[in-house]
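Next, two complexes with subunit A in common: one pairs it with subunit B, the other with subunit C.
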Partner chain A sequence: MKSVNIRLSLLILVLVHGAIASLWAQEKYIDKNGIVIFEASEQLFEEVKATNESVTAILSTETKQIASLALIKGFHFKNSLMEEHFNENYIESDIYPKAKFKGNLIDLNAVELDENVTEVPVEGILEVRGEQKEIHTVLKIQKIGDIISITGEFIVTPGDFAIEIPKIVRNKIAKEVLVKLDFKLAKK
Partner chain B sequence: MKGKKLYVVLAGVLVLLILAISMYNYIYKSHRDIATERVAYTISAAQIHMDFGKEDKMPKYVDQVVQIHGKITVIEQNAIVIDDKVQAGFIMDAPNDLSIADQVTIKGRCVGYDDLLELVKIDQATLIHNN
Partner chain C sequence: MLEMRKLSILIILIPFFALAQEDDLLDEIDNISTEDEYEIAAFKGLKIVNFESTKMVSKKQLFFVVSHRFGSVKTGIEDFFGLDQAVTRLNFIYGISDGINIGISRSSFQKTYEGSLKLRLVRQGRGGSPFTVVVFNSVLMNTALEEEILPGLKFEHRLSYSTQALISRKLNKNLSLQLAPTFFHDNLVAFNGQENSQYTIGIGGRHKLTKRWSINIDYGLHLNRAANSPFKNPLSIGFDLETGGHVFQLHFTNAQPMNTNTFLGQATGDWGNGDIFFGFNLSRVF
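Up next is the complex of A and B:
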């Protein structure tokens, strides 16, 4: 009878442990105020640069998946006319209000993250204006306390998203657009 | 005759000057000042969140100045979340006399709907009322 009791309690222990482990594994890290900057400036011409400081990013350390969403209208330019043209003529933000990214951090080992910067490759799909573009880049990741910091950059072109730049401004906007991101994700 | 020519030249210069100034103002017009703009919609956090669920009502709030009231559920460095439905980003850091569960009213620009977090996002917010 005693050994049955021990077995039973062992079983319960294993089950409880399993349940806790799976809860742990479902941990998510979220940033509601992530920063995304893109720049397509040409030398000698006015800066073509916009910043969005309320980008959402969600990282699941279990599935190693990252999802991010930026509202197009949240991008701010120094020049308000440029911002207007960006929204109305280039991205058509009334029709396509969001930019979305979904990706996999293949080599992410969440347990090993610490204050030292780890470089983790990411591959995923960026969707802007309903057009999808495959993105491959390397993210710099570090963990300070309960915050995971992710920074990185990649290059896209207006053509990737079927954005046509009018001839009159073509030499004032770079062919390649550098996108930088800076997320500070807190445990949820 | 000479005097007439001078007038023509002067008028030409004046026209050019006005053109240049209006061009400059068009290209470098100032940004919207949301804090002083008139409020287009006054609505509760729960209501605007619900309206964003209805596709047809959604666009009417985007890019408009909205005044939103509700209870603070999250406080971050430069943003608050109201009733877990609306995220408001302040122009500067969030006022530091705010605390969780405060009833607040904020004014800001509606940026759109974030379907990852299921939040309506507001930026350039200012605090109107806190008690």
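Up next is the complex of A and C:
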């Protein structure tokens, strides 16, 4: 009799756990084919630009947190030699295969999101090559149907991630790198 | 029984603790494996020095490669260490796909036209194949032969063929090695005693010295060279300098010609007595 009681209470426990967990389940939106483009071109020189169309991004409307992950090898350049060089000698993607971002959309009010573009400031940390850089920028957010669209841009420098640009190419690569992002997040 | 109740309360609270910790969104998406990726950049140039490497031209890209071998440095100041006796080859290579390249070239050595087909069969990958395997085929046409000098010369005598397997492995971040068993056939050989069908084992490697410099070496061991042939096995040593979009290759070699058949079959220089050639390969991407 006692063992039945214990079993019963265990079952109840499991159910209670499940109920609490689902009650607390956060509203999350995810995009696995997000686009991130960076450009460090100098006028008159060969274009230094790469696009990654398989960036993952996740947004929790509850906690107002956003996180994103990009594989370095997913960034494609027009010139494949440049792409190889970027992976091998600048980012060292064998050692540091991922770029990560973690941030907070401080003023996000998920309930008020609609088809009109809302500008929401974001602050967070971008990690590339094991080096962390604080990012502050403003994201443009809108909600169309069940999709939350986020676009924005910010600027970093190679020095932020301890990337040294050698003298011979110093005037062919811009001092500032413009990073653009375009995410279309669907409910998880 | 009291303890049991305490325990129950604790257990009921567990999901709250768990939720309190489950606030890192990044962990939810940071589950992409990078294990099955292909190795990149075993070689940077399309050639190690004289031998083709397993490097391919990417899809829809066009490479223009200018290769130059000065005359023998042995002649000294008389013709400025070979400046006056140079051989030049202009080569266009196009990537039909990442694994299929076609090329066309003209070399001033025996006024040779060449067409080539390069196919990648297997790519080295982590957790995949340990080697990259590429097949390189070329057809050569020697337009320097003249009927006045060689009576009975027919068109087919101008043609030569070669086919080789290129098997490379990037052993670590800095070192890549390649084996290149080669069969080539000259319809007309430069030395009478030489068999038309010839076999060679090519070996080569690249070792990175810094992020932008590497040292490259290749050697061709001829397996059926005629006993009294004046031609030597080609040994070449060079350096690659890469700047991001371009690769410059500077080297010394005892073979002045640059096509597969000609550098393997008709290398005249000799490292033993300083009879070597300085040269470079420059590539431009379109």
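In the analysis below, the second predicted complex is superposed on the first by the 163 of 188 C-alpha atoms of A that agree within 3 Å, B and C clash if a C-alpha of one lies under 4 Å from a C-alpha of the other, contacts with A are read in each partner's own complex, and residues count from 1 in each chain.
Assume a contact is a pair of C-beta atoms (placed from the backbone, for glycine too) under 8 Å apart; a residue touches a chain by one contact, two chains touch by 3 or more.
No experiment lies behind these values; they were computed from the predicted model shown.
Engineer: Looking at the combined model built on subunit A, do subunit B and subunit C fit side by side or clash?
Structural biologist: Verdict on subunit A: clash between subunit B and subunit C.
Engineer: Which chain makes contact with more of the residues of subunit A, subunit B or else subunit C?
Structural biologist: C
Engineer: Going by the contact rule set out at the top, does A:A67 touch subunit B (first), subunit C (second), both, or neither?
Structural biologist: After superposition on chain A, A:A67 lies in contact with both partners, subunit B and subunit C.
Engineer: Answer with first, second, both or neither: which of subunit B and subunit C does A:D94 touch in the superposed model?
Structural biologist: both
Engineer: Kindly classify A:I35 by the partners it touches after superposition: subunit B alone (first), subunit C alone (second), both, or neither?
Structural biologist: neither
Engineer: In the superposed arrangement, does A:L81 touch subunit B (first), subunit C (second), both or neither?
Structural biologist: Both partners, subunit B and subunit C.
Engineer: Considering only the touch criterion stated at the top, classify A:E53 as touching first (subunit B), second (subunit C), both, or neither.
Structural biologist: First partner only, subunit B.
Engineer: Give me the intersection of subunit A's contacts with subunit B and its contacts with subunit C, in residue numbers.
Structural biologist: 30, 56, 58, 67-69, 71, 73, 79-81, 94, 97-98
Engineer: Looking at the complex, which residues from subunit B come into contact with subunit A?
Structural biologist: Against subunit A, subunit B makes touches at 26-32, 59, 62-63, 76-79, 81, 87, 89, 111-117, 119, 121, 123.
Engineer: Under the touch definition given earlier, write down the residues of subunit A that touch subunit C in their complex.
Structural biologist: So the residues of subunit A touching subunit C come out as 9, 13, 16-17, 20-21, 24, 28, 30, 46, 56-60, 63, 65-69, 71, 73, 79-82, 84-89, 94, 97-98, 100, 102, 166, 168-169, 172.
Engineer: Using the touch definition from the top, list the residues of subunit C that touch subunit A in their complex.
Structural biologist: Going through subunit C, the ones touching subunit A are 8, 11-12, 14-16, 18-19, 23-26, 28-30, 32, 34, 37, 40-41, 44, 58, 61, 173, 211-212, 242-247, 285.
Engineer: So in the complex, the part of subunit A that touches subunit B is made up of which residues?
Structural biologist: 30, 32-33, 53-54, 56, 58, 67-69, 71-74, 79-81, 83, 94, 97-98
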